[in-house]
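There are two complexes below, and they share chain A, which is joined by chain B in the first and by chain C in the second.
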Partner chain A sequence: MTDAALSPEKLGAQGTSTEASYQAPQGTWHELRRRPVFLLTGGCALLLLLLAAAPGLFAGWFGHGDPTVCELGHSAEGPAPGHPFGYDVQGCDLYANVIHGAGASLGVGLLATGLGLAVALVLGCLAGMAGRIVDSVIARITDVFLGFPFLLGAIVVLNSFTTRDVPTVAGVLALFGWPTMTRVVRASVRSVREADYVVMARSLGASQWFIVRRHVLPNALTPVLVLATITVGGVIVAEAALTFLGVGLQPPSISWGLQLAGAQNSFQTHPHLLIFPGLFLSFTVFVLITFGDTVRDALDPRGR
Partner chain B sequence: MDHTTNHTTAKAPLNDPLDAPLLDVQDLTVDVLSRSGAAQRVVHGVSFTLHEEETLALIGESGSGKSISAMAVMGLLPATTARVGGSARHRGTDLLTLPEDQFRALRGRRIAMVFQDALSALNPTLTVGFQIAETIRAHEGVGRREARARAVELMARVRIPDPALRYRDHPHQFSGGMRQRIMIAMAVALSPDVLIADEPTTALDVTVQAQIMELLAELREETGSALLLITHDLGLAAGTADRVAIMYAGRILEQAPVQELYDRPAHPYTRGLLAAVPRLAGDTDDLTPIPGTPPGPGLLPAGCAFHPRCPDVGERCATQEPMLLPALPDPPARLVACHYPLEVSGAR
Partner chain C sequence: MTYLIRRLLEALLVFFGISLVIYAMTYVLPGDPIAALAGDRPLAPSVARALREQHHLDDPLLVQYGHYLAGLFHGDLGTDFSGRSVAEQMADRWPVTLKLALTAWGIEAVVGIGLGVLAALRQGTWTDRTVLAFTIGATSVPVFVLAYTAQVVLGVRLGWFPVAGNTDGWPTSYLLPALCVAAFGLASVSRLVRAEVIENLRADYVRTAVAKGLSRRRVVGVHVLRNSLIPAVTYLAIDLGYLLGGTVIIEGVFNLPGIGQLLFQAIRAHAGPTVVGVSTALILIFLAVSVLVDLLNSLLDPRIRHD
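Let's look at the complex of A and B:
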């Protein structure tokens, strides 16, 4: 119990306010707005999203915006006027291809993370709110999935598909990505469900479903959203790795992973084939992970 | 008001809900369960009756079981960590055996609770007005607009300045006293006839404490509800309560009308408490602390729980637990659980 002891000293001077230790959501936003790293990475993330959503806006900057217009005669030639990144093995404009590749990479990243997050929210809430039996069952299933080596599992499952486009690859990556997020959701749901405002809501006759929807989820969401931001970067790397190994996306998809795979045999003689898609991939992952880290630091007072 | 009820024996359930007392708690026990399933009793057969339009103060030190008793009556203790026994009848309906969905319909509407720390008892992500309005909407199925109007009205009733403007503010934008008012507004939103206030002013400044207690007393008067005030503050209870029950180690040791209890405490523990309260006129050097510390739940002494610290300990105290029985100087309104209640000098 938290009440003050019944002693003479305390009868006169009781504690005042706990405001100092309290971290308001508005305070976090205020804190974030003043961090240059947050503004920079946030801006870059937005730019990348725009790139993925509307590659046409950027691909045509140097006059050759169509990634499928190729001249085999220029195969693997280096940068030239109008073609700042040069040509790929098929003689297509590499710049246009790299720009169009953002869509597949970010698409897989966001879709897989979104699917995993949805599963994690449902299972994490169930595990956190329901009784011990449901909790144990979900915890064991989570453990089983965490036991699979991520890449190996994905390779095995992807090998059984004949067509591998963005949704299938994203689905398979989500299949192995949800357990970590589920654990985070469960942990934060469990800490929120003991909160005084949940007890207060129950004392006013709120139902379990109402409490989950209105009080538990909104307050338990922050840590998992931060994790999800970081996961997007990880998934993009995984997609590129799988595609490089030949079990990820297939042509006619355009992705950085495919471009890296295409550069495999010739990157010693034509390094630009590896460098440009690789730069974009690394940059994207770096931006997303740094963005997630900044948000986490701002939300976690212990990190200050 | 009827104070002649014998509080120590459980009564047969009354058939007519109008004749039944507003809230009748009999032989309430709470066992806290550890993960391994071992049970530890923290409330040992607490009985009290709350009558219409009455304020009963439950006073005790930290860990005396007063808050957990209130939580048990509200049905807020999780079944996985606590087992509740005895009965708590609201107008004859035993809340403790009521199916959860029926109990839920009573919570908020018939019996509501104000918590100690309003900052943590309000959802930080929602505006206060929304939280009040939603309570009304969830129970009465009124429209958004009407719920909003009633929430603003409630905020005005608990004296929030500019209620229509402050409707859109979040909990952290309010001062401690204002937040407590918001929580009180939520608790009385559905006009419950029993209001339980669990240390409603402990987290507040002394000046604000008085205002909040005044507000609670006023609202109780206006709505004709009954108030169960849980506190460790004897002074606070003196100004508000009609009757007082003193708790120690999960038991009620003494219960009496407020003036009688403060003027002529019959239990040695009550007398010890009163001797330890600083008075404005007095010298703080005159304060007499009670020697020792209260026992933890697992370390209860045999017999009377207070006997190791009692200045008037007798031979029966160590072996036999005293019952809560009507006692001098003013039975039957006074109940005392002591083998040797004080023969108070100057009593009638």
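Let's look at the complex of A and C:
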């Protein structure tokens, strides 16, 4: 029995298990790969990205696929052969428009979140690593921006712009999106900072920048990336809401928000104008939130 | 007490920060507001000069900001293009917005907490997953799409609710709009409650309560729930501030004559000063609510210490 307990296989097994606990990301990956929801939403997210990056691949499936070729005679007609989603008010093919709308909607979402993430990483690392004064200055600035309700803040700022395209709207949404992410980065930087391996690296004479790059950032990145995925969904909904109010994107941009905003007056008589862009938008946001959620669940052992 | 003072000072700092940002965004940007006031036909130089003086436009920036702040402290949120005070326009609209926000808040609290407890008690089953999918789904649909759909289906086709306006008074006219406002926040509330209940179900005091023979209903309903609701209450209290913002679109769609509708119509009419004034008021209320919540929290739960 004692032999069996000390057998090489057993030792080997123990060895791998300790190794696995050090390599948490890999463990998470294994955990995630077994979750159908993760695979499903991940696949959908990739498909939507492809849709946004290359709408031409999908737009021509049923008809000509050009969102700007329109016949006014067909204004707001329902689904017909070659036009599965029908026509919009201008008589353009709605399917082609919805497919091309993914670019601007996801573009605003990704750009705003990316900008916010960049700011959050810089400020979060600064607040977490630098001294108390820097930390509290950054905390106060964060408080100021968290004090704005997202929608109202964006309305005030966008109201003063006369031309609003994808970069402007994304920039304004980033302005109100970075504080939450900064808090998350700061919290994880703080928890990493006192870890044994960082203390050791410091005692070996590693520079602050080396520690941030080599130890702090890789460990602080995952939680904020998860939050970023969910934020992309939130930004897409916010863009639609702002565009609906009239302070978001403007034509000739093609976005789901613009299509939904244009459908509001004719919804009662032509529901398809609201339903199809609405379905695509809601599905995208749902996929992104669920995807981020699943990863967060897998990372956080408390939820298991 | 030290905490109280610190929190108030902090809130003051945030207030100055917010007002400065709003001020910079609206008044410092290029373009001459007086020329814009006149439209195509230029104003007589004397009139323009008088107006510039009246609005302190020739003073240094900081002095201008000082005048703006002094106005804010006196409840002056600016005047619209035709000279009416924004604060005055808002005065008789408050009851509508408050009724809508509070109704939505009640729905969000009751349904959110209910769904959260249900999901926690059936953890890992299809009920749990359905609750999660349903609440995330409700978050994913833009609020105006939800509002139009509800308006046409439940209001026009089925006739269960009044379609628009507040002629039927509270609660009939407010139920459907409030449901639409509340749908967005359900996911956060139910998830928060679910996590807390699951955590508390594992606690020692629950085992003790079960061991001494209490019914499950009493254990969950009294012991677990009471301890699980603190984070939810905090979240809900802060959410009240957000709900005030969320009423903008809903009041516009359902034609409820509240603050949100004023903002909605002002944005549509490109009435810049009104937009800024109303938003500023709503943002300041949000700030006040979040400070109050913080203070209430430390009163409610002595375990929360801030020193």
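We adopt the following convention: the second predicted complex is superposed on the first by the 281 of 304 C-alpha atoms of A that agree within 3 Å, B and C clash if a C-alpha of one lies under 4 Å from a C-alpha of the other, contacts with A are read in each partner's own complex, and residues count from 1 in each chain.
By our rule, a contact is a pair of C-beta atoms (placed from the backbone, for glycine too) under 8 Å apart; a residue touches a chain by one contact, two chains touch by 3 or more.
This is a predicted model, so every value here is computed, not measured.
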Partner chain in contact with A:C44 - chain B first, chain C second, else both or neither: neither
Touching partner for A:T290 - first (chain B), second (chain C), both, neither: second
Touched partner set for A:A206, first chain B, second chain C, both or neither: first
First, second, both or neither for A:C70, with chain B first and chain C second: neither
Which of chain B and chain C A:A187 touches, first, second, both or neither: neither
Which superposed partner A:H215 touches (first chain B, second chain C, both, neither): first
Contacts of A:Q268 with chain B and chain C, given as first, second, both or neither: second
Chain B versus chain C as contact partner of A:L110, first or second or both or neither: neither
Chain C-contacting residues of chain A that also contact chain B: none
Interfacial residue positions of chain C with respect to chain A in the complex: 10, 13-15, 17-18, 21-22, 25-26, 29, 132-133, 136-137, 139-145, 148-149, 152, 156, 195, 199, 241-242, 244-246, 248-249, 252, 263-264, 267-268, 272, 275-276, 279-280, 282-283, 286-287, 290
Residues on chain A engaged by chain B in the complex (per definition of touch): 1-8, 11-19, 22, 24-26, 131-132, 195-197, 199-207, 210, 214-215, 218-219
Chain A contact footprint on chain B (complex, rising order): 60-63, 67-68, 74, 76, 80, 104-109, 112-113, 115-117, 119-126, 134-135, 138-139, 170, 172, 175-176, 183, 186-187, 189-190, 199, 202-206, 209, 232-235, 273, 276-278, 284, 287, 289
Residues of chain A touching chain C in the complex: 140-141, 143-144, 147-153, 155-157, 159-160, 233, 237, 240-241, 244-247, 257, 260, 264, 267-268, 271, 274, 278, 281-283, 285-286, 289-290, 293, 302-303
